[in-house]
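Supplied in structure tokens, the structure appears directly below.
Each chain gets a letter, A, B and C, in the order it is written, and its residues are counted from 1.
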Amino acid sequence: MEAPAIELRNISKSFGYITANKNINLTVNKGEILSLLGENGSGKTTLMNMISGIYYPDAGQIFIDGKEVVIKTPKDAFDYRIGMIHQHFKLVDIFSAAENIVLGLRNEKFNIKQSTAQIKKISEQYGFDIDPSKKIYEMSVSEKQTVEIIKVLYRGADILILDEPTAVLTPQETEKLFAVLRRMKEDGKSIIIITHKLHEVLSISDKVAVLRKGEYIGTVNTAETNESELTEMMVGKKISLNIDRSEPVDPQDRLVINKLNCINSDGLKVLDNVSFTAKSGEILGVAGIAGSGQKELLEAIAGLQKLESGEIIYNNPKTNSSDNLRDKTPLQIRELGVRLSFVPEDRLGMGLVGNMDIVDNMMLRSYKKGKSVFLERKKPRTLAEKVVSDLEVSTPGIETPVRRLSGGNVQKVLVGREIAAAPTVLMAAYPVRGLDINSSYLIYNLLNEQKEKGVAVIFVGEDLDVLIELCDKIVVMSSGSVSGIVDARTSTKEEIGFLMTKKAEGGNSNE
Amino acid sequence: MNNPKEKIHEPLFHIVKRSKDALPLWKSWLIRAIAIVFSLLVCSVIIVLLTNQNPLEVFGALLKGSFGSERKFWNMLQNLAMLLCISLAITPAFKMKFWNLGAEGQVLIGSLCSMVLMFTVGDKIPNLVLILAMLAASILGGIIWGLIPAVFKAKWNTNESLFTLMMNYIAIQLVSFAIMVWVPSGSSVMGLVNSSTKAGWIPDIFGQKYLFNIIVVAALTVFMFVYLKSSKHGYEISVVGESENTAKYIGINVKKVIIRTMILSGAICGLAGFLLVAGTNHTISKDLAGGNGFTAIMVSWLAKFNPFVMVITSFLIAFLQRGAGEIATNFNLNTSIADILTGIIIFFIIGSEFFINYQIKTKAKKEDK
Amino acid sequence: MIATIASFITAAIIQGIPLLYGSLGEIITEKSGNLNLGIPGIMYVGGISGIIGGYIYEKSVEAPNPILCIIISLAASLAGSALMSLIYAFLTQTLKANQNVTGLALTTFGVGIGNFFGGSLLKLFNESGSISLLETGKAYKTVLPFASKLGLFGETFLSFGFLAYSAIIIAIITSFILNKTRTGLNLRAIGENPATADAAGINVNKYKYLSTVFGGMIAGLGGLYFVMDYTAGAWTNNGFGDRGWLAIAIVIFALWKPKSAIFSSFIFGGLYIICVYIPGLSSSAKEIIKMLPYIVTILVLIFISAKNKKEHQPPQSLGLTYFREER
């Protein structure tokens, strides 16, 4: 039997004390398409980056055509005819497609005409539709992706790795891409495709390898499996976390989201008819593969994202009035008396100022209060002291720049400040990402406390076990639309996992 | 194994940015102090090579430039005050990461506005009214010159460093134009204006000509320190400068802050122009700002935008320029030696920042099988 | 009338050549993402280094050979500007210093060097008077022997020293390299997006160093042309004036294109001296006209930012320090 095109044996990689990959085994034969399946943070991209020379494994071996190899740089990977198409394209905007494709090549004469002919040849071979002289900035996302694929083929790659290639494509474009991949397969090329979408996995691949939390779960032949088996492999058995959950007391509609639509700067539809209601005294979970519109949703509510259409109705418990928050700036929202707190995903880049100390970060939201032209640091100082002692922030002092704190402590500072504003709506995006167990539980308890105080909490998370045990209701998002709203008390991981990977059918598919 | 590619040289060291394990404050100042000492060594070697004099004598002359006599001391203080004033002016803009390279022009326009009034209505209105009017006109002029690039930056994100740079030369030409109008003889040098009536001249305080300027700048230093550290405006400037995303997140109107800050920056530059005309030179030329608009950028940058530290950095530069001037006259050299020495010292200090912000890590030897 | 126009064109070209060198040097540097505001200083150093080289040579021999005059002063000039740009490259690339501050300090330093040696060179050699390199200046001003025989055309377009023609040739070569070669493609990629270039296997550091040093050397030739050809081997302190900044303005006006820089330089050169050719102009009005290049540059700057057309923008990473923090 012919040696496999690429084989990984016991590959491990850790960053600091976080293990990203542990003893991973993977085999891809010539003329085969392998899907790499797994939740966020399961280590798929890290694994692929080790094949393409971005990272270097701590342990394990890589075999190409049966021979052991060492891949230390992207150039090494090219030499072994491995090419990776990253999720974030590496292209120069003002260059033409052809210029981008030949960028950095050394082994051939620089001749755009010849290169163009070569590009046309590759395009014909695989059925790409691309104008080599078109500038990147004039291209759609799918065209840019095509350029990236041709770039890899142009360098003679026999092993192609695609990191979530369909995340940015429309269903039609996805079909086209798959047709191309099938043609490459017939050509004897080996393809590894990272994806979350089960129907795509089933339609394109020969084999499926599943990773979960950095560990290798197994490889199955696509023909012998089905969606429910894959979902179970991906999400695993339920783990009990023992998070206390109280029954909601007197829930009332606090925030009514009605048919939000949003198109981002790349022209992609990132929110598609999103509707749900967040109630007071409840924790509403938002589940979904990363990039399914969670970020835009929260930013839209916070007044940071322009919307195409839809309404964000806030029912004020004090005045019993209702306001539409759409297209209002954060300042205007505050002036309406809406007490909206937001713990964004990007803690140091958005929620806090890294170079400022804890005191100054405490007053980010409140510094404007009062008529004086001067800052009032007394209250923020008290607050800083309180947050540090209540949340057990480990810091040399309250005058330490937050940039110097560890990830968990940074998050405590941020959450502490947002809660101190006595919100009626609290939004938290991935608030326990990168935190250790103790800090995570501290955050869960804080959210629960807020819930018991009657705050409408919106919790965007990635760990389904946490979502199921912490939340009251869970909104599941898939490709910018709501694919389902489930009761967290009765739902299962499989059900949510299935909804997360459900094919978007356009429009809302509520219940 | 059977692959020649296997032996790839890993670099002996690699560079990482310090973030969590930043240097303690005293260490970073120690590094800067060492850099200054090194740069002074290099400077003295150069001077000694050029003059063939005893190094001690050269250093003596360097000191004498600022402390040789009372007059020299006051001159140094005056230079320090003007440099510091312009540095204070650009600091809020720089803290906001708005590259105002146009201080030179903003100062000149301020001077020009003062001079227009001094020249045209100098003998027609009471001196106090005249001086106040000059002050207002200068500040207004500076504001306009700073505001124009700020508006375009806010509206279209027009590159402010190139814009403000060009504004300098328009200001220079405007001054040249005015001089040509006022001095038709063609000598293109404006003498002292109102030297007999002293209209528009700021009177001496305690017999000291420059004391007024120095007091104003001292007050301004305190003001700027408080403004940046304790006012809401200053806080907004810090947030916008550190992260525009955070600014938007908490609802700061970034455009408004840019424009407001450049108004302040331009106004203080205008004030500096007023002080130069009314308090110091009583004349105008296109070299009136003397490159201080650019030197100020370095003063402010080296002091990490802290107004009190800027007193030290501007002293360093004023002292050096005075001292180099003294060396030049004593040893019959050109005064431009001052610029060379200033350049060297700045190179060393900005170079030393690397060792404060980055860490060089040597790679621990990996055990290979 | 025609004679006046012809002599104006000649004068505009003469004024434009130093600007062309300066702007070409800055274009090459900026294409790698480095905004070198030290170019005005480098041009001073390029000028004074040539003077020093020529002076020492002329002093050391009885009858200076014109060819050697040129070679020695040219080599000295190139070495001087290369050293200056190395300071910039070392500080901004290796030590990751801020580009604006470094550039401005370099200009202070370079202008200081120019004026210091310009004012003290003779004293350092125990001579008096002012610098005037007759032989070297003459060598640089040598024109094609048949130029004057070609009438008005020859006098207008062919009556320049060799450095004038080399400027245009360098512009054309630069344009070719930038647009038609792999080196140019790689360089432009670095200026636009250093991370992408890095991932494509291009040595970002090497390119940035080389383009900064080459750019500096070319800019320095502008200073050399000024002191050798324009002023025929004489140095006056601050004589070069603010031409260095005008060169930076031309980079914007020419939209970072070397070929456009040729004509932009001549236009700016023309604007620099047009007031002499407009009869009956008062000396004050002349100063207003001298303002034009800067106003036009600002208008261009505003226009390109408002239009936001991708091809006309400065290199995207211009002024930013690249650090491959994580891979």
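In the analysis below, a contact is a pair of C-beta atoms (placed from the backbone, for glycine too) under 8 Å apart; a residue touches a chain by one contact, two chains touch by 3 or more.
If you're wondering where the values come from, they're calculated on a predicted model, not measured in any experiment.
Annotation: B-C is the more contact-rich of the chain pairs A-B and B-C, by number of C-beta pairs in contact. Averaging the CA coordinates per chain and comparing them to the mean over all protein CA atoms picks out B as nearest.
When chain centres are set by their Cα atoms, the one at the greatest distance from chain B is A. Rounded to whole angstrom, the centroid-to-centroid distance between chain A and chain C, based on C-alpha atoms, equals 49 Å.
Between chain A and chain B, the centres computed from C-alpha atoms are 46 Å apart. For the pair chain B and chain C, the distance between C-alpha centroids works out to 26 Å. Those residues of chain A in touch with two or more other chains are numbered 73.
Residues 15-17, 50, 99, 101, 152, 155-159, 161-163, 165-170, 172-174, 176-177, 180-181, 184, 186, 188, 291, 294-295, 297-298, 301, 332-340, 342-344, 346-347, 350-351, 353-354, 357-358 of chain B touch chain C in their complex. Only residues 35, 37, 87, 91, 94-98, 100-102, 104-120, 123-124, 237, 242, 245-246, 248-249, 252, 282-284, 286-288, 290-291, 294-295, 297-298, 301-302, 305-306, 308, 314, 319, 323, 325 of chain C touch chain B when the two sit together in their complex.
Touching chain C in their complex are the following residues of chain A: 54-55, 73-75, 78, 90-95, 99, 102-106, 110, 135, 137. Listed in rising order, the residues of chain B touching chain A in the complex are 1-3, 5-6, 8, 19-22, 230-235, 238-239, 242-243, 245-246, 248-251, 253. Those residues of chain A that touch chain B in the complex are listed here as 67-70, 72-73, 76, 79, 302-304, 329-331, 333-334, 342, 344, 346, 349-356, 360, 363-365, 367-368, 372-375, 377, 401, 403-406.
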